[in-house]
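Sharing a structure with you now.
In this document, chain identifiers A, B, C, D, E and F correspond to the written order of the chains, with residue numbering beginning at 1 in each.
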Amino acid sequence: MIPVEEWLREDAPYGDITSELLIPPDLEGYGEIISRGKYVLCGIHHVAEVFAGCGVEFTPLFHDGDDVEEGDAVAGLRGNIRAMLLRERLALNILGHMTGIATATRRAVEIAERYGVRVAATRKTTPGLRALEKYAVSVGGGDTHRLTLSDHVLIKDNHIRAVGSLERALSCARNRSFVRKVEVEVETVEDALAAARMGADILMLDNFTPEMVRKTLDALKEEGLKERVIVEVSGGITMENLEEYASLRPDVISMGCLTHSVRVADFSLELR
Amino acid sequence: MIPVEEWLREDAPYGDITSELLIPPDLEGYGEIISRGKYVLCGIHHVAEVFAGCGVEFTPLFHDGDDVEEGDAVAGLRGNIRAMLLRERLALNILGHMTGIATATRRAVEIAERYGVRVAATRKTTPGLRALEKYAVSVGGGDTHRLTLSDHVLIKDNHIRAVGSLERALSCARNRSFVRKVEVEVETVEDALAAARMGADILMLDNFTPEMVRKTLDALKEEGLKERVIVEVSGGITMENLEEYASLRPDVISMGCLTHSVRVADFSLELR
Amino acid sequence: MIPVEEWLREDAPYGDITSELLIPPDLEGYGEIISRGKYVLCGIHHVAEVFAGCGVEFTPLFHDGDDVEEGDAVAGLRGNIRAMLLRERLALNILGHMTGIATATRRAVEIAERYGVRVAATRKTTPGLRALEKYAVSVGGGDTHRLTLSDHVLIKDNHIRAVGSLERALSCARNRSFVRKVEVEVETVEDALAAARMGADILMLDNFTPEMVRKTLDALKEEGLKERVIVEVSGGITMENLEEYASLRPDVISMGCLTHSVRVADFSLELR
Amino acid sequence: MIPVEEWLREDAPYGDITSELLIPPDLEGYGEIISRGKYVLCGIHHVAEVFAGCGVEFTPLFHDGDDVEEGDAVAGLRGNIRAMLLRERLALNILGHMTGIATATRRAVEIAERYGVRVAATRKTTPGLRALEKYAVSVGGGDTHRLTLSDHVLIKDNHIRAVGSLERALSCARNRSFVRKVEVEVETVEDALAAARMGADILMLDNFTPEMVRKTLDALKEEGLKERVIVEVSGGITMENLEEYASLRPDVISMGCLTHSVRVADFSLELR
Amino acid sequence: MIPVEEWLREDAPYGDITSELLIPPDLEGYGEIISRGKYVLCGIHHVAEVFAGCGVEFTPLFHDGDDVEEGDAVAGLRGNIRAMLLRERLALNILGHMTGIATATRRAVEIAERYGVRVAATRKTTPGLRALEKYAVSVGGGDTHRLTLSDHVLIKDNHIRAVGSLERALSCARNRSFVRKVEVEVETVEDALAAARMGADILMLDNFTPEMVRKTLDALKEEGLKERVIVEVSGGITMENLEEYASLRPDVISMGCLTHSVRVADFSLELR
Amino acid sequence: MIPVEEWLREDAPYGDITSELLIPPDLEGYGEIISRGKYVLCGIHHVAEVFAGCGVEFTPLFHDGDDVEEGDAVAGLRGNIRAMLLRERLALNILGHMTGIATATRRAVEIAERYGVRVAATRKTTPGLRALEKYAVSVGGGDTHRLTLSDHVLIKDNHIRAVGSLERALSCARNRSFVRKVEVEVETVEDALAAARMGADILMLDNFTPEMVRKTLDALKEEGLKERVIVEVSGGITMENLEEYASLRPDVISMGCLTHSVRVADFSLELR
């Protein structure tokens, strides 16, 4: 399901000229993909697709979601050397990107789950890679949140500005499909309460300070709305301030950095 | 030249259900893309492609390569609101990613050029985005290095292992096209000297300590090879250790992190 | 957003040989698309895409959702005759298919809304045309229901068989994304009640007789569950038996025939 | 040859979230596709393509063109349950659509062949599905007629209007490729005779009443033209009036409804 | 309708690095495409597509089918210089290839038409370019013959070998669509006569000597079959032996070399 | 890596109607691809891709680069006859085109290498086929030269005209990536010398007479520049004048005709 041919064409539109100069077309060998750090592995089955049908037998030695240590061989490759080297960089770029996301997500989840809070990703993904990135988030234990603009009703500030008022926006949203919830992004405690009273299923507290989050949660409890609405904290959450927000016990915290500022995981292919 | 339709389909395979519920199909308005930080802008003309032919007039207010400050409006949008909101996230994801790369590259270049050293990117890019990422590197003042496996001969450790010796590898490389240079990745000072003596056009010193780089450069000068070979330092170079390597004055320093561990630049779309 | 080039290639991989024999390349003229029946028009803006950029000025005379009568000109075309005739059949095939769906949906909605019941479509669509068909359903006033397997949790008999029990299935579904509802397809009144008690958001009563629907609704009311669960009737609903089911006042009735057994609407292109 | 990946992406752009919640990734099982009516089966080999290479062994139990009864298992599936359920709806949508067409065509052919008359389809097909639909027509025993605008010269009223006269149109058509016949669509008995006299290979009697068809056939016989020209009746032919036209013994009757107003055939997938 | 983006990507996957180094992004200018020989021009409107929407105004100065002389400017280009140079080679490659075919076809047609014989192309075309090549043949005055395997019934030696006999093959072919002719490839005079007697619409005399062609034509006349069958001569016809075959006056002579061994026409782009 | 499905669709958008009429769907057999001339075989592994996964076992009997004689069977095919015949023409068109190029290249290389001169191809290739054509050149022993506009800096007359002077052009080119050489196309002996003095890595002597080539080489030697610059002769070189230029011993001679005016090699498929 990943566009292997297209991505190979990006890296080798006219073949791998170095290997074609140096390596006999039929030379076979064995190699391993080695982890250069401690990670939550992700993408090993996608990498298997990269090597499918090219004369290289690819054997994953770990599964997505497994912990791997520096020096671990995560996969073995046996077969045509030219085919291996042609796909090496693509394979490592995929594996490094996805493992980077899963590892960061796991770290965030571990912090938040101590407080019973869920961690979610956003739509701030890399163009062309959303399916892979959302999958990596789920491998790391995160919630994939809205996948696309087509699958969830989320009323944001620009919508409210365009229709005139939160009330009018929520009223229009009543015509949504019966299978969809309605979420509202709010920027003040007052708007949060108003949206909850008007029947929003989910509140997204956008760029709230911890103090504002606390106030909102308290007020919702007071009005008996807390059980009827899901509270999501979003905007500017980083690994550094995550615990502070989590300790306030909203339902969900969403973090764009999980997918928009990925720190690659380091892997290499070693011929033996 | 960017796959706008494909990327929009990724974010809205069945349209933007929220805007379709809330916003009249013909509602028009004005909005701006606002920078939320101090960056080297990159991707503004790609974002223009995102809005082409959809009923939104897109006016860039800065050009790629310009410095922008927090709060700057980098583009104005006038026209159909639904069309704007449908493309908002895609546009911001592109702009944030490319600007992130250009900004980091500029920072690295500013450090290295004090020592007359060039900064280059690598093939450690995001699948599907290499052309955009290499372009962002050049906007930031970096060298794009090898673009693909098809356009430069670069002999790496796996090649040498497969053919048996550096000597044999370099001998095969003599049959390369007359328009190509030959680069050799080396892991020891001795190999660097050997490769230079055998006529390599470029040496890639892979994962060398500063001390090893210094030794290599000294030995090359001593043997009168320094002028005949380009010396590239690569592997594990970060913003933190860049200056230490640059001060040794190799010709080029290449940094995978410019493209594989991008820190997004923050932009938002505000309807006025 | 429709694949005009691909669909034209399907109908004219090597051009329109008749027009090329008979009609001078630069001949211009005027034509109209005429409705041959009484319909809820749908697809006129998609047809506009078919004629975009080919030297034909296309002017819709009605909008999607409008009622049109036999003999009404729904669009005017002025320009190159060859270009018009090359696209004629594709344009009419799209318009006829989408208008057929919108018209049938409107008819069903008119019956059901008398009882306050919503009509929904299903995933029984034509491969490659789902977005157009779901849009036509909404133009006809219907609910688009689940768009894809990715955007709604719907537990069906095959899932329950695979995991062993409804209870276990619903328990797994608790890990769904916080933005999703959970729907359960049930085949008996008892299962319906069980699923409602276990917290399903939506019940799909599959192939229930009217009597079974009535019993389910009564039992849900009795247990005070009616307000907490949405009841959807599905399976074997046709225009003929729709009113009988609607009069029982479930929340939603879904009808596969809206999209899987389309009766085309008849349009023709007349040169004047 | 069918776009399986594209059609799966239409139904599951981000995977099947229900199965991923409920069913273990490696769970295997056995299922069958069951016919829910009496049909001429069509598309079973296309459905085989849907399941190719996904870890499901697909065994057709009937062939295209076979009669199947309600309750017949038309195919067996053994293997990964997630893979089966991901493809279930696509497979059934294809099978239902093609079987619906083949079944209707067979019914029409059985009526017409009693009179020695051939039944043909038209270009009124579903965008993107013409190859499948024309194939289903042939499986049902029908003639596929013109496949595209590129493969047959068919002069219609709009052409004649554009060039000025039938005579001029037929004269231009003499320059056609030597491998092509020329067909003329006519709207009156007089035009039919004129076209036959001028050498048309095929006459398409468009929207003729039975009486007009009879007159045309009689006049052609009288003038000794009947053997030199093929007579096709077209426009407004339905299952209801087919026999009336067939009994007049034209050579061919073409019916758009075979492909433009398909009544789906009902199949289901049952896990055992 | 030509895949401009795909073909540009073939020639410039990462842009035109020379122009990007040398030419300011906004530099404008004027250039002309100059013919370097005497040709039948073909492809000028396809070249217009290459320059569409890139900031270059393209003005054809001749039309497809026109005679051009050495030194003639066939098109003018005004606008962005980088955009012009990026597309230069693609434009010239298309124009040279198509003009080469049209010019050769015209030459063959001029020879054959003196004898009232038609010249046709074959399916021996360049993969990916058949539509362009068949069009160029028609611009040169040739017959496009069968366009694809889907649009004409042509029984060849391999078919006859597979089914057992010419008779059986022709009998099967009676079930063809009523819009298709039947052509038979024969290798002996006897087979030609047999096929004609059995009702073939067209005979393809494959690799016949002129003497064999003459005998076949004489025998067909003698048996009164000449008027009922079209005689095509095929196989090994070159510009050199064309007249010898044409003088025997078969109906058609087909020449694979028109499209499989193209001699490019020479054009250049000159900036003024 | 070749677009087999797309190319098959070009030749059979609706299947092979002749084989479907004549040949039973399951008929199996054996056939061979026979060479009809003496060639340097090229493309046999690409042809293998054409037959992959279609029920035909394809066995190459020679490898790319082998000499084959008239009558040699270059490959054996065993399996489904319909599948074989559907792919026959595509397979032969590919094989004939690539073998034609490899054979012509080999002939040119044999002439030039007597003088120690290398033969190179150009970017004058067939749209969509460059990768195949450049590969065929290398199989014939030629140099592939610049593959695309993205991989080599080549300053041509239009660039110089646009920037004003050769000097300015070469000065801009200094900012190229450190992995690229710089080549300059020159039209006079003086310009050649100037470019060499200014540090061009490669000179392309464009449309030089043999006398001009000789003068350039002599002058370069005299100035001691000959060893520092590669001299390429280009423009108007044919098989006829190749030796005259080669005998002057430039480094490289490039010939557009290798790929832009291919003479097909003749192969046929014979069922046994």
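Definition applied: contacts are C-beta pairs under 8 Å (C-beta built on N, C-alpha and C of every residue); 3 or more make two chains touch, one makes a residue touch a chain.
Because the structure is predicted, anything quoted here is derived from the model rather than measured.
Asker: By that same contact rule, can you tell me which chains touch subunit C and subunit F alike?
Answerer: Chains touching both subunit C and subunit F: A, B, D, E.
Asker: How many steps does it take, at the fewest, to get from subunit B to subunit C if each step moves to a chain that touches the one before?
Answerer: 1
Asker: For subunit C versus subunit E, which are copies of one sequence, does the interface use mostly the same residue numbers on each side, meaning over half shared, or is it different?
Answerer: Looking at both copies, the contact residues mostly diverge.
Asker: Pick from B-C, C-E or D-E: which pair repeats the contacts of B-F, with over half of them the same residue pairs?
Answerer: Overlap exceeds half of the contact pairs only for D-E.
Asker: Round to the nearest whole Å and give the separation of the Cα centres of subunit A and subunit C.
Answerer: 32
Asker: Could you give the separation in Å between the centres of subunit A and subunit F, each centre being the mean of its C-alpha atoms?
Answerer: From the centre of subunit A to the centre of subunit F is 45 Å.
Asker: Approximately how many whole Å separate the CA-defined centres of subunit A and subunit B?
Answerer: Roughly 22 Å, centre to centre.
Asker: Please output the residue numbers of subunit E that touch at least 2 other chains, ranges allowed.
Answerer: Subunit E, residues with two or more chain partners: 10, 13-15, 130-131, 144, 147-148, 150-152, 177, 180.
Asker: Tell me, which parts of subunit C touch subunit A in their complex?
Answerer: 118, 120, 143-148, 150-152, 177-181, 183, 202, 230, 232, 251-252
Asker: Could you list, by residue number, the parts of subunit E that touch subunit B in their complex?
Answerer: Those in contact with subunit B are residues 5, 13-15.
Asker: Show me the residue ranges of subunit B that touch subunit E in the complex, using the header's touch definition.
Answerer: 1, 130-131, 134-135, 144, 147-148
Asker: Note which residues of subunit C are touching subunit D in the complex, please.
Answerer: Contacts found on subunit C: 2-3, 6-7, 10-19, 21-23, 27, 29, 31, 81, 85-86, 88-90, 92-94, 96-97, 100, 123-131, 148-156, 158-159, 161-163, 169, 172-173, 175-177, 180, 256-257, 260-264, 269-271.
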